[in-house]
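Naming follows writing order (A, B and C), and every chain is counted from residue 1.
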Amino acid sequence: MTLQLLISGFSLGAVYALIAVGFAIVFSIFKFSNIAHGGMISACAFIGYFFQSSFEEPPPFIVTALFTTGVGVLMALLIDTIAYRNIRKKQAPGLYYFLMSITVAILIEQILSVFFGKNLHTYAPIFSSTTFSIGGLRFSSIDTLIMVISLAILSALIFVINKTKIGLAIRTVAISPSTSQLMGINSSVVIMAVFAIAGALAGISGVLLGTKFSVYPSLGPSMMTKGFIVSVIGGLGSLGGAIVAAIALGVVEIFLTYWLGSLSTPIVLFGIMLLFLTVRPEGISGRFAKDKV
Amino acid sequence: MSNYQLSLIMLACISIITVCGVFAITSLAGMFSLGQASYMAISAYLTFCIARYQNLPVWVTSIIGLAGCALVAFVIGMPTLRLRRDYLALMTIGFGQMVQSIIILLDKYTNAAIGFSKIPKVNNLVYIILAITVLIVFMVRNLKYSRFGRMCIALKNDDIAARSFGIDVHGLRVKIYVIASLIAGVGGICYGLRNRVISPDAFDWSLSAEMQILLFFGGTNSLTGSVISAACLKVLPEFLKGVKLFGIDLQNCKTIIYCLLIIVVINLRTKGLLGERELSLSFLRGLFAGKPRDREGGEST
Amino acid sequence: MKKLFAAFLICALTASQLIGCSGGGSTAPATQAASAETEAPAAEKEAAEPQAEANTDPIKIGCIQDTTGGASSAGQPNQWGAEYAVRIINENGGINGRPIEIYCRDCQNDTEVGVTVYRELVDEVGVCAIIGPPLSNPASAWVDLATEDKVPIVGHFMDEICTTDPDTGEAYPYMFLVEPSSAVQGYILAKYALDELGIKSVASLYNTSNAFAVTQEKPFVDYFVNNGGEVLAEETFGWADTDYSAQAQKIASLNPDAVLLTDYANQMVTAYDNLRDAGYEGYILGANTMAAPFNTLVKNPVKDCYYVKNYDFTSGKIADLVKVHMEETGTDYPSGNVGFGWDAVQVLASAMQQAEDPTNGEEVRDILENKTVDIESAGEVNITLVPETHRPTRDMGMFIVTYNEDGTTEEVQTYLTSDYKAE
């Protein structure tokens, strides 16, 4: 039983991790939690669904996923233009980004529920069976896929950030946008690249979450508090830290819910967070960044 | 004046009260809290549940409610405010979820998700709420210009420098946190008195976020700006009722319009409508004479 | 430009303040005192105004639904049903020759907004009755207001605390429910499970943050326990939870004969999938949100699902209603909620037709209370309100429905609730 719960915990953690990676990449540059990410996930889930259902025969999953990834990139750049560009120009503190992202999240959710909220949708299933078992333990197929994809994305991102030129640029801009500009790095291109990556992640998450759950306007936003908690505990825009925190939160939640019920879980969770942050104020990853909201 | 207009005034007043609480904590002390709505919930539930089960008048129990609210704020604030400033938003979200869970766990008394509806009727409520609002705005204004307020602003700008001037940073933070929670608590009681029903999901973190947005819309460090935006934006959707544009009922789009308005204003005027300025007679005179005076308070970020 | 905008806002505020001060000084205390103590002047005003004019004046009624909030997928069809009913009534000559005008407002499933729109409809628009939402949170805020203003509210707030005072058991004078209450729905499901499916033990999985879910789960459990069943676990979740596999595994390990799920459709889908993924094989009982599109949304095969349903979509008025609704709004599947809106308007219209002055709230209320007998609902059953509770008599039936293997639904049994007692 305990082992089975642990598997469920990892599955839930995988879902959180998928969201948290998108959070963390934006966080690493701008030092704010991009709540609008949740809205983007919902919007991408809807767009992916409409794309898929516009064909007689549903296209393979990978086609839909690639399409929504592209849409996610465009959407992220659009949101950057309408919401963040001006604030950035005025060098406003992180708080403004945070409030703007909340506003954008509400905006997207409302547009979806007012104009597309009449029907509930779901994606065509990817797997013929929802679970498979290994040695008497049941694994959820879609959760396993989500886990594999999150890990793949994570390793790809870590490779990009640590080994490539653009990664080096991202790391420099994360430390200081103005100094890196002086060093001949085009900060605005780097910033757009980061948003594009986040948008791509939102696109993939939209399809995966839409396949796991169903497609409805609050699909992404309802997970934002969890993503927020994970990205802060994980530590300051560190991708690895966010993943570890996501898995930890998933496992802790599953066990607490099993033992204490879902109502007592937030109470205990608050205590755990308080204790953890008191003991280890630098978060899981141990890197410091300032102005975190 | 119809009951409808009176109820709109009350709506605006409650919004002003809660935004004043956010002003105290965010604009003065520079702490970003998403838990103000939880303090509204705590004081409202304490006040009205005790009033019902102990048969006490509301004004007595509201004192108990506010005291309870302050106590909780103190207990939560002591450890939380010792953490790095960045973690406050996180902890307040966690706190909000905890408060909602506790309300649902105590469903024997609070009626959980169905909502607690046995709230006594108060006559001439609009005058009481107006008076409370004026009082709170006045108090927060005084707070801003007092020695205490200036200490808070020093702390907001640089807490190490503030400490080196002999300011007890942690003590000050706890104090302002408790004050802000108390103001939120007053807002929560007014909310209950107006609506006559309170339910846990009304006091979500999104309500706290909305207060923050109202504050920043009006002007980051401007009390008058925040008060104006709190009142205007809250009442704005009322003007969209029954209006149709291109066959779309604007009533359904009120939140969309509201969000777009905020995005436009923050884009054009990042520091909010009034920014750092306070609206006062001398400022107005300067505005109409064509040369706006810089600011009268002297404080800035 | 920015300065201008700021100046404009300032002017607007000052203006509103001025209006506030001048009006507040003179008239407000009078209305306040009136509504508080005598309650008479308000009613006289209401009655006198429309009566003074000719008899072809439109009758204004309000309709408050959640069309943009969390329950908008129920609120939108509800509103459509009410509007459509008004359209049909007007085409057939209205109420004794007077057309009905319906004013629809959105309450966002929020108490604060609910109070504001109620005040606007009553004070500004001057409606003489209101069609209410299917949710209890906003509705319970209007209980006292409706009594003060003498505005009858006819709706689907299934929770019994909206129609009767939980302390005294007396009905609130101006609140009327026109569908079986959530308690009755819970009893029906429990009765069916005990008698027809032979279920001895159940577990429940429901959303404690949602009044809709809570108010069906509790009566179900009460009835089930009082009639010899055993409840093994009552597992819960909240809005912030996205995955219920811990609860599902706990339930699966207890292996009850049936599991009760109550919440909105999205969460029902996740809960069902989590339960089946956890290896649970027994019966699943559900609220009426288990109707289509539940069967197309779940990933596991739908089997052994039984749920309560208000209407049989294949016959009667409701067949027409859902067809027209799907055509007009582009909804993909039939929604029983259109029938709720329709029924509420029918009950209200019938009371108004019997009244000498259909705009007189008091008179309409008396008729609603005492003379709402055998009004045909969209589902071709009769709605008769019990004067003591303001809820339908228990022979307003519910269907128990199950899914066939090919995904079509099948009405298993029509249950008349008059057969059963709570104990």
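What we mean here is this: a residue touches a chain if its C-beta (ideal position, glycine included) is under 8 Å from a C-beta of that chain, and two chains touch if they have at least 3 such contacts.
What you are looking at is a predicted structure, and each value in this text was computed from that prediction instead of being measured.
The fewest steps needed to get from chain A to chain B, moving only between touching chains, is 1.
When the C-beta contacts at A-C and at B-C are tallied, the pair with the greater total is B-C.
Of all chains, the one whose CA centroid is most distant from that of chain C is A. Chain geometry summary: the mean Cα position of chain A and that of chain B are 30 Å apart. Measuring from the averaged C-alpha position of chain A to that of chain C gives a distance of 36 Å. Once the centre of each chain is set as its mean CA position, chain B and chain C turn out to be 32 Å apart. For chain B, residues that reach two or more other chains under the stated contact definition are 97, 100-101, 104, 252, 255, 268.
Shown for chain C are the residues in touch with two or more other chains, namely 68, 208, 238-240.
Across the assembly, chain A contributes 110, 114, 225, 263, 266 as residues in contact with two or more other chains. Interface residues of chain A facing chain B in the complex, by the touch rule stated above, are 82-83, 86-87, 90, 92, 95-96, 98-100, 102-104, 106-107, 110-111, 114, 225, 228-229, 232-233, 263-267, 269-270, 273-274, 277-278, 281, 290-293.
Chain C meets chain B in the complex at residues 2-3, 5-7, 9-10, 12-13, 20, 23-24, 27-29, 31-33, 35-36, 67-68, 103, 105-106, 110-112, 114-117, 119-120, 122-124, 136-138, 140-141, 143-145, 159, 161, 167, 207-211, 213-215, 238-240. Interface of chain A with chain C (complex): residues 1, 4-5, 8, 11-12, 15, 110, 113-114, 117-122, 125, 130-131, 138, 140, 142, 213-214, 216, 218, 222-223, 225-226, 253-255, 257-258, 261-263, 266. Against chain C, the residues of chain B that register as touching in their complex are 1-9, 11, 97, 100-101, 104, 107, 111-115, 117-118, 121, 123-124, 126-127, 191, 194-202, 228, 231-232, 238, 241-242, 251-252, 254-255, 268-269, 273-274, 279, 284, 287, 292.
Here chain C touches chain A in the complex through residues 68, 70, 72-73, 76, 208, 235-243, 245-247, 249-250, 253, 265-266, 269-270, 273, 276-279, 293, 296-297, 299-300, 329-333, going by the rule given at the top.
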